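These are the structures, in C-alpha cells.
Below are two complexes that have chain A in common, paired first with chain B and then with chain C.
Entry: the complex of A and B
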C-alpha cells in the first residue's frame, strides 16, 4: 500500500499516501473536519455523518463520509463547501435536539453557528456512534457490548441486558463516549452543564461493581457515587 | 453416481423426448396457485379438480396442472384451459364439476367467462382480456406453462436450453458481451447495466472464491413480482445464475430469499434438489468441466437487507446493516471475496437474452431501458395484479388500459412507483414513458416494480407519512441522518396530519429531506426522502390545505375531518348498529345524527350506509 497519489483538496494540489482516508488527508493538511464517531485506533464506521465532504465536480459531485472514503488518484475534495456546511448544520441541529446535555455536541453546534432548534426537544443520552462498541471489541478484545434492534429501537447493551462475563469494567466505553462525557467532568463543575448526569439511570456500571472499576480517568461520577 | 444428464447430447435427447411426449388432443386445466392464488381459495379448487380426475373418462381427456401465479390477482382463483387459452375467473368449487365436463368435450361455458364491464360482452380467451392484451409477458407468461415443482416440466418448455447453448459455445467472454449488448439493466431498482457488472466481476482474478447472489429480499410494501417468479418458475433463476457463473467464473451461488416467502423457499429448494439430481447443477454440469453450486440463505425479516452491503453482512451471519462503499461488493463482498448481486427478475431475463439473442431482446423496450418489466399494480384500481409491460409504455396505458382505471367512480390522482424509496407521480404526468431515466427525472424511481394507484380518496400527506413510518422502522439505525432524519420527517408529517402543522415546518421538512438524501450511507437512506420530496413537488397545495385551512381534501386525516348525516338518510339504523362507540342516534325512519364527542371517525357508518347519507366534512 506504499506510494502516493495526487488529489485536489479545497483547491490545493496535494500528494498523499495511498491507504489514507480523506479525513486523514484533510487533517494532515490542516483542514478541520468535525467528527463524533471517529477515533484513531478504532476502525472507521461512518455513522455520525458529520464528517461528510463533497467529492467530484458539479453537477456529478456527491457527499461522502470522509472517515471511510479512501483517497484516490485525481480525487477532487471540498471539505467546507456550501453543500457540506448545510448538511453539517442540519446534522448538528438534529443532534442538539436529541442530545442537548452533551457538552461535545453543544460545543460543535456553537462552533457551527446553530442558533435555533426547530425540532421537538428530546433527551437521549446516546447517539449510537458505536465508539464504545468498537473500543470494547478492538482495543479491549472483550466484545462485551454490541448493538441490538434497528431503527428507533436500536440500542447498545450487553446480551439479554445482564452483566457480561467478559466485561472487565475497564471503563473504556465511558472514556470514548462523546455524548456522556459529562459524567467524567462532573467533578469540575465549570465543565459540567446541568449536573443531571448523576441521576442518569441506569448508570454506566452497576453500583456494586464500582470497587472493581479500573478507571484511569480523573474521578468520574461513578466514583463519586461510590463514596456515598 | 453420475447424474442422468451427463452430457449435452443426452440433455438434448431428453428435451426432445419430453417435447414429443405431449398429447396433442389432451386438454389441460391450469390452476393459478401462487401464494396469492392459494390465499383466495385455489387449494380447494385443486382438491375439487383432483376429485374429478377420479372419473376415468375425464382423466383420459383432461389433465390438471398446478402452476405459479398468472398475474390477475383481482380475479383469483382463476383457471386457464389449454390449448384454447380459455380463462375462467373467480371459479367456485361448486362449478368445478361442470367445468371439467365441458372441458372434456371441448366446450366453453359462457356464463362463467369474464364479462367486460364496459361492453357487457363476455371474453373467452385469456389474451383477449384487456388486462392481458397490452402486456408482453415474456417472463410471467412462462408461469402458466410450467409446473414449478417438476424439473421435467421446465425442460420440456425449453428450459436449460440457454445453458446448453452457452456451454456448447464455450466462450464466457461472449456471454458477458451478449448480456451487455442486450442493454439489460438491473431490475432491483437502481438500473445498473448488468453486462457492465458482469464484466467487472469477470475481471476479478486470482481470488479463491467468486460469489453470485440472487437478491430475493423483496420487501417493498405492495410489491410481489419476485415472489411470483420464484414460486412459479424457480428453475429460470437457477439457469440465469448458472449462465452468470459460467460467464464470470463465479464458484458459489447464493439465493437470498426473505423468510416471509415460505412457498417460494419450498419451490426453490425443490428446484435445487432436482437440478442437482439431474446434473444441471453441481460438479461437471451436463458432463462439462463447468462446476457451480447454489445454496439458499433465508433472510430474517429486515427490509434493509435488500441493500447489497447489508445483504452481504446478513449472508455472513452478521447484523444486517450496510457499510460505506467503496470498496464495492464486486471487489470485496462476501468474506472479502468478489461478489456479484442481481435481482430475481434480472436473473430471470438472462436465459431469454441467450435464447433470443441480444439484438432481438433489445428490440423490446426503449434504447436506454431494454426489455420488459413486471410491475405489481395495486391500490385504488379495478384490475389489480402483476403486469409485464415493455419499457417505454406510458403510465396512462398501464393504469387505464391494463388496470381498467379507478374504482367506483373515483378519479385517479397519482401513482406511487418504486416502493417506499420511490415517489408519487401525479395524473398530469401520466404520459411519462416507463423507463429508468424518465422516472428518475420525475422524482421517482423504477424500483423493483411496485406501482400503487391512488385516487381522490387518498390523502397524499397520509401516504407520505405511511412510507416514512415504514422507513423509520426499517432503517437499520446505523447512520445518524437516516435514523434520526426519518424519525424527524415522520414527526413533522404526523404533526401536519393531526392538525398541528405550521408553515415553517414545511420548509424544515424540505430542508431536512434534502440533507437526508445527501448525507446517508446506503441506498435506503438516500432514497428515504423521495416520498416527501416528490409529494411536496407535485402536491404542495394539499400540504398547505392541511396546514393553513386545517382541512384534509381527501377526507382521510382523522383529526381534520368530521362525519355528518345528510338529508338522504332514510333512518334505517344500519349506521347506528355498526357504530362501535354508539355515537349515532335517531328515531327509526327519521334522519339520524352523529355525536361528534363520541365519534372516533372509524368510517364504519359511511361504508355501511347504502344511501350515501354519511358525509365527510
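Entry: the complex of A and C
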C-alpha cells in the first residue's frame, strides 16, 4: 500500500502517499484547514464538519469532510473556495449558537471573521464531537464513556449515569473537550465523570457545591474563585 | 416485581449468538424477550461474557426505541403516531389511554399490568390508527374502542379475576399518586 498517487490541491499538482487523508495532504503542503473534532493520535471522526473541502470539477463538485476522506488518484481538491468558506462560516455560526461560551469555538469564529450569530443561543454543554469518547477509548484504553441515545436525545456519558468502574479519573476527557462544560462534580464522586482535579497538586478538595461552576482544570475556575 | 437476574439464562443467550459484536442486537433482543426489559445486571454480564465495553452495549440499548432499560408492564401497549395514524386521530387514542390507565407514554401503571408507548410507524398505514397490545394489533381504533382493548387483555390474564371496572377504578383512585416509570 506504500505507493503514491497524484492529485490536484488548490491547482497545484502534487504527489502524496496512498492512505493519507485530504487533511493530512493539505497540511503537509501547507494549506491550512481548520478542525475541531480532529486530533493527532485519535481516529478521524468527521463530526464537526469544519474541515470541509470541495472535491471534483465545478458542476459536479461536492463538499466532503477532509479528515475522513482518503486521497485518490486524480482527485481535485479546493481547500478555500468561496463555497467552502461559505459552508465553513455557516457551520461555525451554528456551533457558536449551540455552544457560545466555548473558548475554542469563539477563537475559531473570530479567526474566520464571524461578525454575527443569527441563531438562537442554546448554551449546550456538549457539541457531540466525540473527542472525549475517542480519547477514553484509544489513548486511555478505558471506554468508560460512550454515546447514548440518538437524534436530539444523543448524549455522551457513562452507562447508567453512574461512575464507571473502568474510569481511572484521568481527566483526559475534560482535557480534550472543546466545549469544556462538564460541571464540576467532584463533590458527588458517584456522578463524577472526570474528577481530574483530584490528581492535581494541591488537590482541589475544599469544595462545597459549585452547581454553576465549570471546571477548566488549568486552573480550575471553582478553585480560583474559592481563593478570593 | 423486579426479579433477580438469572446469570445462567443470560450466559445461555450470549452463547447462542457467539459471533461477537455483530450479534449484539440479537443478544439484547433475546434478553428483552426473556426478562421483558434489559436489566442493568444482565448488560454487565453480557459485557464481561462477550468482552465488549459496557459503554458500547449501553449505546446500542439506548439507541433503539425497541429496547427498554426499565421494567415494562405485563401488557405492553404501542400506539402508532405515524403520519397516517396521526391524521386519523391517533393523538386522541393516546390521550384516551392516558386517561384510562392514568399514565403517560413511556410509563407503567402502578400495579405493573400495563405500560404505554408511542411508536412512529407500525407499517400498516392503511389500517390506522393502529394499537398493538402485546404484538396483537387492533386496527382503525377510535377512542371508544379502548375500553374493549383493555378488557380483552384483562380476560386473557389468567391470574386476574377482577373485572376491568375494578382496575380502572383503582387506577383512578391512584391519580393523586404519581405514576412511576419504575
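Quick note on the criterion: the second predicted complex is superposed on the first by the 180 of 228 C-alpha atoms of A that agree within 3 Å, B and C clash if a C-alpha of one lies under 4 Å from a C-alpha of the other, contacts with A are read in each partner's own complex, and residues count from 1 in each chain.
Everything below uses one rule, namely that a contact is a pair of C-beta atoms (placed from the backbone, for glycine too) under 8 Å apart; a residue touches a chain by one contact, two chains touch by 3 or more.
Here the structure is a predicted model, which is why all the values come from computation and not from measurement.
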Quick check for you: in the superposed arrangement, does A:38 touch first (chain B), second (chain C), both or neither? neither
Mind working out whether A:78 is in touch with chain B, chain C, both or neither, as first, second, both or neither? neither
For A:159, is the partner it touches chain B (first), chain C (second), both, or none of the two (neither)? second
First (chain B), second (chain C), both or neither touched by A:120: first
After superposition on the shared chain, which partner residues are touched by A:144: those of chain B (first), chain C (second), both, or neither? second
Show which residues of chain A both chain B and chain C reach, each in its own complex. 147, 149-150
Considering only the defined contacts, which chain C positions touch chain A in the complex? 40, 43, 53-59, 62-63, 69
In the complex, go through chain B and note every residue touching chain A. 302, 304, 319, 321, 323-324, 326, 472-481, 483-488, 491, 504-505, 508, 511-512, 515, 518-521
Complex contact set, residues of chain A against chain C: 137, 143-150, 158-160, 164, 166
Counting only contacts in the complex, chain A reaches chain B at residues 44, 46-49, 52, 62-65, 68-70, 83, 86-87, 90-91, 94-95, 97-98, 118-120, 127-130, 147, 149-154
